[in-house]
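Heads up, the next two complexes both have chain A, just with different partners, chain B and then chain C.
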Partner chain A sequence: MLISTIFNKRKFTLSMILLSIALLAVVPRFLPPYVIISLITVLMYIILTLSWTMFSGSTNYISLATAALFGVGVYTSAVLSGSFPLIVIVVISGVLSFILALLVGSLTLRLKGVYFILFTFGVTALIRNVIQWWETHITLTVGRHVSSPGNDTVYTYMVIIYALTLIFIFLLQNSSYGMALQGIGENEDAAEHIGIDVTRLKVVTFALSAIFMGAAGAVMATRWRYIDPTIAFNPLLSFLPVLMAIFGGTSMLGGPILGAVIFTLLQEYLITEYPYLYMLLMGLTLVIVILYLPGGLLVLVMRLYIRLMIQWAKTRFQWQMLKTRWREEWRPKVSMELAQRRLRLQWRLGRKRR
Partner chain B sequence: MKMLEGIGISHSFGGLRAVDNADFHVEQGEIVGLIGPNGAGKTTLFNIVSGALKPTSGTIKFKGEDITGMKPHQICHRGMARTFQVTKLFTNMSAFENVRLALLFGNPERKIGRKEAEKEINQLFAVMGMLSDRHKPVKDMSLAMQKRLEIVRALATNPRLLLLDEVMSGLTPKELNQSMHLITQLRKRGITIFMIEHVMHAIMGVCDRIIVFHYGSKIAEGTPAEVVKDPTVNAIYLGK
Partner chain C sequence: MIQNLLDILITGLILGGIYALIAVGLTLQYGVGRVLNVSHGEFILVGALSTYTLYVGFGISPLAAIVVITPVLFVIGYILDRMLFNYLRKTSVNADAFSGRSLLASFGLVFVLQNLMLLIWDANLKGYTYLNTSVSIFGALYGLNRLLALGVAVGVSVVFYIFIKSTRLGKAIRSAAEDPLIAQVMAVNVKQVLAICFGLGAAMAGLAGILYSMMFELQPGKGIELTIIAIVVVVFGGLGSISGSLIGGFVLGLVTSIVNFIDPSLSLVAFYLIFILLLLFKPSGILGRQIHAD
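Let's look at the complex of A and B:
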């Protein structure tokens, strides 16, 4: 309760969103290229996690179709590479992912619980295999090269998609539709009976969240430069956003972002430092977070923040006390002492002059 | 005018006929009680009427319009609201948010501003005598309060017909009297009421007409006085 009363303030969230966008837009001018490349990956995970949270975070329908919706973007970008400017390709990818999600959604969102999870995962595998078959039998290619506009452009695109995703999810969560989605997550029967068209709301939200995944996929293809169905539809990309969101906590907007950033950085660090123990350590971290921080990392951060605020209030109080003591006790003494010395000096100097 | 009419309603769960060829109707402005032993199919009937279940056969008419097979939200938009036997609230939201959601989505043809919505919700809470509890999280509420909140939420969708599923069970005598008073007040506002209830004292005092269900079909119907005298009803409730 305390946390939500302090932090669910719209202005606070909005200013943090704008601050993060501004920082991402300005800071990289001063960073080496290696960092920019890592930032692109981090941004990709943030976008995927955020758009996953957009639908699954509030409705509790765990979707594992992320890889499919992302992969459609990747593949569209690879197929269209060179024939259109990048911006057009990104838009087309977003639209195609939207359409796919609309189809998948209207087929599956009548399903509940584990059936929904399995079906979305099945869809991902199905699409990957169909495209693989198509490539090997019809077009007779295995992979595709994608022309790259350079890392700086890719980075700019990712920041723009990140900003759009974040602003969209912010507007959604603060609208009545966001509340209705939460209602669906908490009790779908009740939501239906108070007049919410649950099926339509679920399908549309699912499809809208896919736009951002598809767009991110289209941009990432130009960053990878070479793709094939196993890269584009990597099943890991279905699971990671779920893990990252849980890792960070889905109760607030900052959670998925924090989860994605820390998870990605941790992954990079563990891969380079302990290449053999990497998976083991990753699993251990996850288990610890889920066991001891059920609300995700964000809850930990918020607790620390609250402790900091309390400490800050204490310090300010002590400082005020110090100031009063100075004003009431010490300053009169000091000023009296100073006045005495000044007068004594004046008297001494006056005597010499005479 | 018939507010609600069911013609030959049947519903089976696998081999079990929960509702078996039931006919019933509710007149406009009436308070109708639905009673019967446990497992008689009362809640199943409510689920069919509100659209949560699709009947195996039969037709349901609401204000003369065939609503069989419609989705719950469509039925809700036509002016029917319900409460649940086991409360189904949005437990992580406050009471106020629960009702706000119902007000916003239950009246699709109206555009309600923030201030106006707040005023209307406060009025509804005041009617139920729980204005001071409106910002409490639902998790922290007692069962009696949660049941009342369900009624507030149902009222927020501006219903013509209200289905109440055991709203009086588990209340203290004082709360019971309040609830009975409230139900008569709702009727004065022009809301027709169809209620399932086990508390006989309440149902006898409030209802104009009572329908008795047993093994999925209607076995008796009439004013409270008539139903009490009915030999089959006595046989079911008291044994021969």
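Let's look at the complex of A and C:
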């Protein structure tokens, strides 16, 4: 409660969102190209984590279908590459991901808990295997090349998708739908009782969050230039957003972003420094995060911040007390003492003079 | 034609025996402890790869390796539950939150175990031959090792079933699976029982791995496939039902051998398809209790 009353002020969030978008749009023009390339990866993870949080963060339905929804975008982009301008491909990818998510969602969102997690994982694996089987047995070619419009264009597209995702989440969370989603996460039966169409809301939100994943996938395909089913539907892309969101904390918009940024940088560092231990360390981090950071890093930071604020208030209060005591107890005493001394001195001096 | 059918049947039974063992291990971990252990397949591979090392490096036969590997894996599983999942169980708000968190934690374990295996045993395919004299059944030839594996699998399943049905610990396990709170009231040390279940599950995985290594080639990274098989069988038999997963193992073994007969590359696709259809139409499985609404 305390956290939300202090920090979820709409104006603050909105200005932070606009500030981050403006910074991302302007600053990289002055940076070397490799920074832009790593920023693209960071943005990809931010978009995936944010759109994962859009649905799973508030409803507590853990979806492992991110790789499938992202992969659909990647594949659409690869198949259509060259025959349409990029903007059209991105839109088509978003729409296809939306349709897939709508299908998966309407089939599965009746399932609860572990069943939903397993189903989404299974769907991703099924799609990957079917496409792989199709390519090895029917078309007899595995993998495709994608023409790239250059890193700057890719970066611009990613920033635009990032901005759209953020603004969409912001609007969603501040609408009655966001409240309803929160209600589903807290207690689904109660939410149903007060007249929320639970299933429809869940399916639609799940499908809407997929649009951004699909669009990001379509852009990333042009960044990677070569793709095959194992790259496009990499199961790691299902787990990393979950890990990043939980690590950062899903209760605030900044949490997933923070988690994504920290983890992507950590990943880049680990891959270059310890390529063999990389996955092992990621696994260990996942276990440790699940064990000791259930609320996320941002909540931890906020808790520390609040403790600091309380400490600060205490200190100020004590300082005030000290000042009052000085004014009301010590200063009168001291001034009395001084006055007495002065009087005594004057009296002594006066007597001497006489 | 009849020859083919018989072939499919016996191959299916052999596969089914292994599947049943794998699934019983997971049932113990999920049905009783509520930990959907996705790293189950990695435990199977740990068992299989250590059997390989023991056989090729030290000349210890796989049957003797059972005595070494299963207790070690039992202890590892026991410690893992006491250290990791018990802590999660203590700190989660409700059962749903616990199953989600433990699932993610075991996904973490998958990555850890997989890469530890890659560091210890490299990424190459490994296999060894053991008892590969062939035996003829109704005119078709089968490796003795496969029949041995089937025998061990069936034997262990029967022994385990009797253990669960009639011993004191078996009763404690069943009561903890039914209702942990009431079991605790009835003086069952639930924490201990859950840890033992997890350990037994890991030991079963090791045993299945030993049998698996006798017939198939091994490679770190195959674990997730085995996990999927285990999960499909467990869901098929009904979550938490031990007899269900024994029956489900044999049924799905037969299905796999039929699909393999048609087109081996489709077997994974078929598995995922069965899994998804199952979740859609009968998530409670063939022998499972009806899933409660809560």
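We adopt the following convention: the second predicted complex is superposed on the first by the 282 of 354 C-alpha atoms of A that agree within 3 Å, B and C clash if a C-alpha of one lies under 4 Å from a C-alpha of the other, contacts with A are read in each partner's own complex, and residues count from 1 in each chain.
Note that in this section a residue touches a chain if its C-beta (ideal position, glycine included) is under 8 Å from a C-beta of that chain, and two chains touch if they have at least 3 such contacts.
Since this is a predicted model, take the numbers as computed values, not measurements.
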| item | value |
| --- | --- |
| Chain B versus chain C as contact partner of A:279, first or second or both or neither | second |
| Most chain A residues touched (candidates chain B, chain C) | C |
| Chain B versus chain C as contact partner of A:62, first or second or both or neither | second |
| Touching partner for A:349 - first (chain B), second (chain C), both, neither | neither |
| Partner chain in contact with A:108 - chain B first, chain C second, else both or neither | second |
| Touched partner set for A:118, first chain B, second chain C, both or neither | second |
| First (chain B), second (chain C), both or neither touched by A:290 | second |
| Partner chain in contact with A:182 - chain B first, chain C second, else both or neither | first |
| Which of chain B and chain C A:194 touches, first, second, both or neither | first |
| Overlap of chain C and chain B interfaces on chain A (superposed complexes) | none |
| Contact footprint of chain C on chain A as seen in their complex | 60, 62, 107-108, 111-115, 117-119, 122-123, 125-126, 129-130, 133, 136-137, 235, 239, 242-243, 246, 276-277, 279-280, 282-287, 290-291, 294 |
| In the complex with chain A, residue positions of chain C that touch it | 36, 84, 87-88, 91, 96-97, 99-101, 103-105, 107-116, 118-119, 224, 228, 231, 235, 265-266, 268-269, 272-273, 275-276, 279-280, 283 |
| Parts of chain B lying in touch with chain A, wherever the complex brings them together | 50-52, 71-73, 76-77, 81-82, 84, 88-93, 97, 100-102, 104-108, 137, 153-154, 156-157 |
| Chain B contact footprint on chain A (complex, rising order) | 1, 176, 179-180, 182-183, 186-187, 189-199 |
